[in-house]
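Just passing along the structure, written as structure tokens.
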Amino acid sequence: MAILVNKNTRLIVQGLTGHEGLFHAAQMQEYGTIIVAGVSPGKGGTWEMQGKIPIFDSVRMAVEATGANSSIIFVPARAAPDAIYEAAEAGVKLVVCITEGIPVLEMLRVSAFLKTKNTLLVGPNSPGIISPGIAKVGIIPAQIITRGSIGIISRSGTLTYEMLNALNSALLGVSTCVGIGGDPIIGSTYIDLLPLFEDDADTEMVIMIGEIGGSDEERAAEYISNKMTKPVVAFIAGRSSPPGKRMGHAGAIIEGGTGTAASKIQALENAGVKVARHPEEVVELILRGTTTEN
Amino acid sequence: MAILVNKNTRLIVQGLTGHEGLFHAAQMQEYGTIIVAGVSPGKGGTWEMQGKIPIFDSVRMAVEATGANSSIIFVPARAAPDAIYEAAEAGVKLVVCITEGIPVLEMLRVSAFLKTKNTLLVGPNSPGIISPGIAKVGIIPAQIITRGSIGIISRSGTLTYEMLNALNSALLGVSTCVGIGGDPIIGSTYIDLLPLFEDDADTEMVIMIGEIGGSDEERAAEYISNKMTKPVVAFIAGRSSPPGKRMGHAGAIIEGGTGTAASKIQALENAGVKVARHPEEVVELILRGTTTEN
Amino acid sequence: MKLHEYQAKHIFSRFDIPVPKGKIANTAAEARQIASELGGNVIIKAQVLVGGRGLAGGIRLAKNPNEAGTLAATILGMEIKGLPVHRVLVDEAASIKEELYLGITIDRIEQCPIFMASSTGGVNIEEVAQTAPQKIVKVLINPLLGLRDYQARELAAGIDLPRDQWKIFTQIATSLWNIFTSNDATLVEINPLVLTKDKTLLALDGKITIDDNALPLHPDLAEMRDLDAEVPEEIEARKYGLTYIKMDGSIGCMVNGAGLAMATMDIIKLHYGEPANFLDIGGGANADRVSAAMRIILQDPSVKSILINIFGGITRCDEVARGILSAINDIKPSLPIIIRLAGTNANEGMKLLADKNLTTADTLVEAAKKAVMAAHGDQDGDPG
Amino acid sequence: MKLHEYQAKHIFSRFDIPVPKGKIANTAAEARQIASELGGNVIIKAQVLVGGRGLAGGIRLAKNPNEAGTLAATILGMEIKGLPVHRVLVDEAASIKEELYLGITIDRIEQCPIFMASSTGGVNIEEVAQTAPQKIVKVLINPLLGLRDYQARELAAGIDLPRDQWKIFTQIATSLWNIFTSNDATLVEINPLVLTKDKTLLALDGKITIDDNALPLHPDLAEMRDLDAEVPEEIEARKYGLTYIKMDGSIGCMVNGAGLAMATMDIIKLHYGEPANFLDIGGGANADRVSAAMRIILQDPSVKSILINIFGGITRCDEVARGILSAINDIKPSLPIIIRLAGTNANEGMKLLADKNLTTADTLVEAAKKAVMAAHGDQDGDPG
């Protein structure tokens, strides 16, 4: 049935009337995602997308009118924390935040607030989620993926596409791919999503794509070691990055000794995870695994 | 076994080295309460109360060293919110705040914070809790109470003593008496404590002492009507108070139409609660009730 | 503590909430001068801390400076609900298209600040709340997050505010929130918030109530207290840490604790007496405070008897008894005093009073009965 | 964005954290003058945005104004880790009894600000964290509540600070917290915080790092950026919305996305090449940005070949291809360029490049191999 995003997804697009919002809403709808409403404050009562999608002034109104259960955020960084609070307070269960550039202190407050709510946040600075052949909530290019049994969790954007492309070339399919975002403070991390894949009947194995900075991969390794029965293959970007340098992603900073590629790879290998040296090698590891072990 | 305060209570006194703290700590100890520590920042390592009670710099240190599960706060209003946060973060399960004069916006923050914690706050501006013959955590004069089967929940201080005195004169005893405090924003209200009395084997009936202002009594009435099997008798102070006047307690304000004595009495009587016109009449109602109904 | 309209508007202005141009006047001449500076077309508003100024004639429109002077003179000579008018606010008159309401107070049940807006402003909002609750839009604010923009927009949408006003409305709501929190208010309110004919939002009238418990943190606000607008006895009481509220009856009350004080008043009424005041001497009251309390009670000429009801907890009854004796010694009151002491050191207290020819009582009911009898002229205070 | 020590101390001072008296000097003469104003006994500190100034001789004590002038001249002539010293801070020398550490940063796992203190200040705190972690006391801060006094006291107790210093320590910690939040910092740090011989606390050195994402909200801070202290290519890159970091190798990289850029560098290294830079052109990169990116890469004389790896999502490969062609047309680079396009409009992009005599690759591995070969002198870029 895939995780997070499926046929039951009823999606609100926050910021639908913007340039990006309109473009990606069309893409998502074309892919089969059920978009039920847009939210653009001050434009409530208008219609978009060939006059078929109603626009509301607030998420609460949109939820009340349409029974939406998920939302995707395309608003500017300045307004994005507000958009997350609004969606969570309106009872939206899954919020995917594409926006990048949210200050980290704002995200700390958002994150503390969400601990008191029953809302799962994916992102910010996330490319979104796709359950191939079923629905997509985000901006991941759909043409490079086919449906299959591999779950993917990734902190990166284009690196994820690279991986999806490599899988596709090898005729390997994906159950759900989740881009958790490259920022230092994000809503869902590996350990929030690994259990969902572990429980998902459609998923047989998981690919983790990580990068230097933070300790989320190390914590994931601990979780995998203790709880996961399905095989996990990983790739960690940044083996060749010098410590102390900021590599574009706010997340990709090596903090004195911790958060290095070496530390993450070590932790994952200790947990029985095969770690590839480049994206295409992930495919090799999977193919080797499925031929020798099955 | 009485509620909240009993033989398992292991008490920290926050602000023990102050004038009030020392006086009431001695009274509580004399009554049989197990005081395990005092907290007075900057005085850690000293000893008080005939050199038998250790003083710590922080609640966390006190909890770690003594296994305390309850605390009582005697610090000035300016420092009291901090004292509550500190106790809750240190894992203290019951916090009784005697301090009066905490600004209401501070208490709103405290209250929002406590929703995320497993700590029960009683007060502020509370006279505390007494389980007669077992232990007391607060400043209620113990000589006016004997052990029995009546539970008391009161928003008032001296009015509670008046009630306890009247019960004592009629040879009626008390299981536990909880002063929830007279401020507009308090940690525990009637509906937090009524279920505890309902479940307490030592308690056969409950007296509610309320006053004008707010809607806590009305909410209690609803709860009593739906959930309580034990009989409840009530007294509401402020029948003769003019609307719009502030009667000393920040709580005792009548807010345009709601929160009047009449509204509270009506709600309670509709819920089957007998409402007395003065404290001594509570005793009469109880005696009449126990002779005719039992 | 309530602030005057002009004080509230001064704070609004500091937080960038648009208010009409205006100034405070202490005399008719000043009002005339201000009106002339503002172009003549002004509104003169009595500055008193009670509602219903308009109905009482305390708010008048003037077409020119002369009329402003005349009207100001009239208003400055008025008493509104017993309060003399010492100052008037002279504001530029606004061209009103719609009158809205915007306010923040505290929802005690939800334990949150609550933001309220209504399209029917300019009237008593409590009345609207009772007669047409659907006309008030409410939004609860998480005290740890504060007002968020989307909540301000929910209010704007809820009162059908024209969309071109949403941005400025959100700014005003945010400012009002900042006023609420940074001044430890328990109420801030713009009523009416008007939409003018040239499509701007303007705060025509405002109320701010500061949490008394927070006043020590805000010396600037504490200084704004208008002692002229208060009953002198209440000011005197506050000086001694007492809470005194004047009422209309003949039995003076002195009690420790607000709840017990109210219960004492209730029981007086139950026995067909009328309390002359509410007076809470607080916890741990010492002799000085008791003395002050008695002096304050006796300043009211309606008082015919005094009921002192003390239940000792922190407060020690012997200390209170000493205060009573010292006060009686100083003041030598000629009216009957009924005293009931209970709790901590009650016996010691009663002993101190025993040979002083004062009326004592064992229970509250007995004390109330005796006080009512005494007020009715039965000088020894025995119940009939 | 990192602030200089003198900028950090200026902010400390505004938030009432005690700092030594001192001023910034651009010349030896200014330093001499400041030293004379401060009484002669001063410390001269190079203002560069790298660690290890002390070891490099960038921090010196002077006994009198003349010595201060001489030392300042020396330091102003230095380069520290490749950065020229343009300014020195001349501070009154302090009489140090103990050196402490106090700082706030972000705990990514707990998703909270974390306050840290240590009794072993004045040294590299990361080293202490690794070699003697028990010497660092840590307190997590609830971002919705902020630092509470009891938490500041926990830090004070944890580093065995004398009790008579707790109150001022709590004030300093509170100020530091206010600096952290009101400036959207990701790091603020006083190191060392010294206890002087006359028993006062003094911030001898400080670091503040501002969240780049928050800089638009803080124009005052954005103005503090010291362009002199940065690599010119990085400044140029920021102007075009690119992220460029200079490295030591010979293969210039241009990639969209930070993760993919790092993976591209990794794969170059895996094939025994050395990347000359990290360069992320971001999402939706247009022709202008691609042009700028290529110019910046070519400014590095060590670059022997360029690898362009674009995976189109939001970014359209045909647009990137046009940027590449326009850049090549402008700059006419003489070194080999290996291009790999995939994803959105990759075919269209490849078609545009097909007849331009550029080396293309289908996969990342293939592209990396070709770039490494080309850098090693195999001009047509075919893998050996």
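Going by the order they are written in, the chains are A, B, C and D; count residues from 1 in each one.
As a working rule, a contact is a pair of C-beta atoms (placed from the backbone, for glycine too) under 8 Å apart; a residue touches a chain by one contact, two chains touch by 3 or more.
This is a predicted model, so every value here is computed, not measured.
The minimal number of chain-to-chain contact steps leading from chain A to chain B is 1.
Of the two chain pairs shown, A-D and B-D, the one joined by more C-beta contacts is A-D. As a whole-number value, the distance joining the C-alpha centres of chain B and chain C reads 28 Å.
With centres defined as mean CA coordinates, chain C is found 55 Å away from chain A. In chain A, the residues touching two or more other chains are 109, 113.
Touching two or more other chains at once are residues 142, 144-145 of chain D. Taken pairwise by the contact criterion, the protein chains are fully connected, each one touching every other. Within the complex formed with chain C, the chain A residues making contact are 41-42, 44, 57-61, 79, 82-83, 85-86, 109, 113. Partner chain B is touched in their complex by these residues of chain A: 115-116. Per the touch definition, chain C reaches chain A in the complex via residues 142, 144-145, 148-150, 153-154, 157, 163, 166. The touching residues of chain D, when paired with chain C in their complex, are 144-145. Chain B meets chain C in the complex at residues 20, 77, 101-105, 108-109, 111-113, 127, 139-141, 144, 154-162, 165-166, 182, 184-185, 209, 211-212, 214-216, 219, 235, 237-242, 245-250, 252, 256-257, 277-280.
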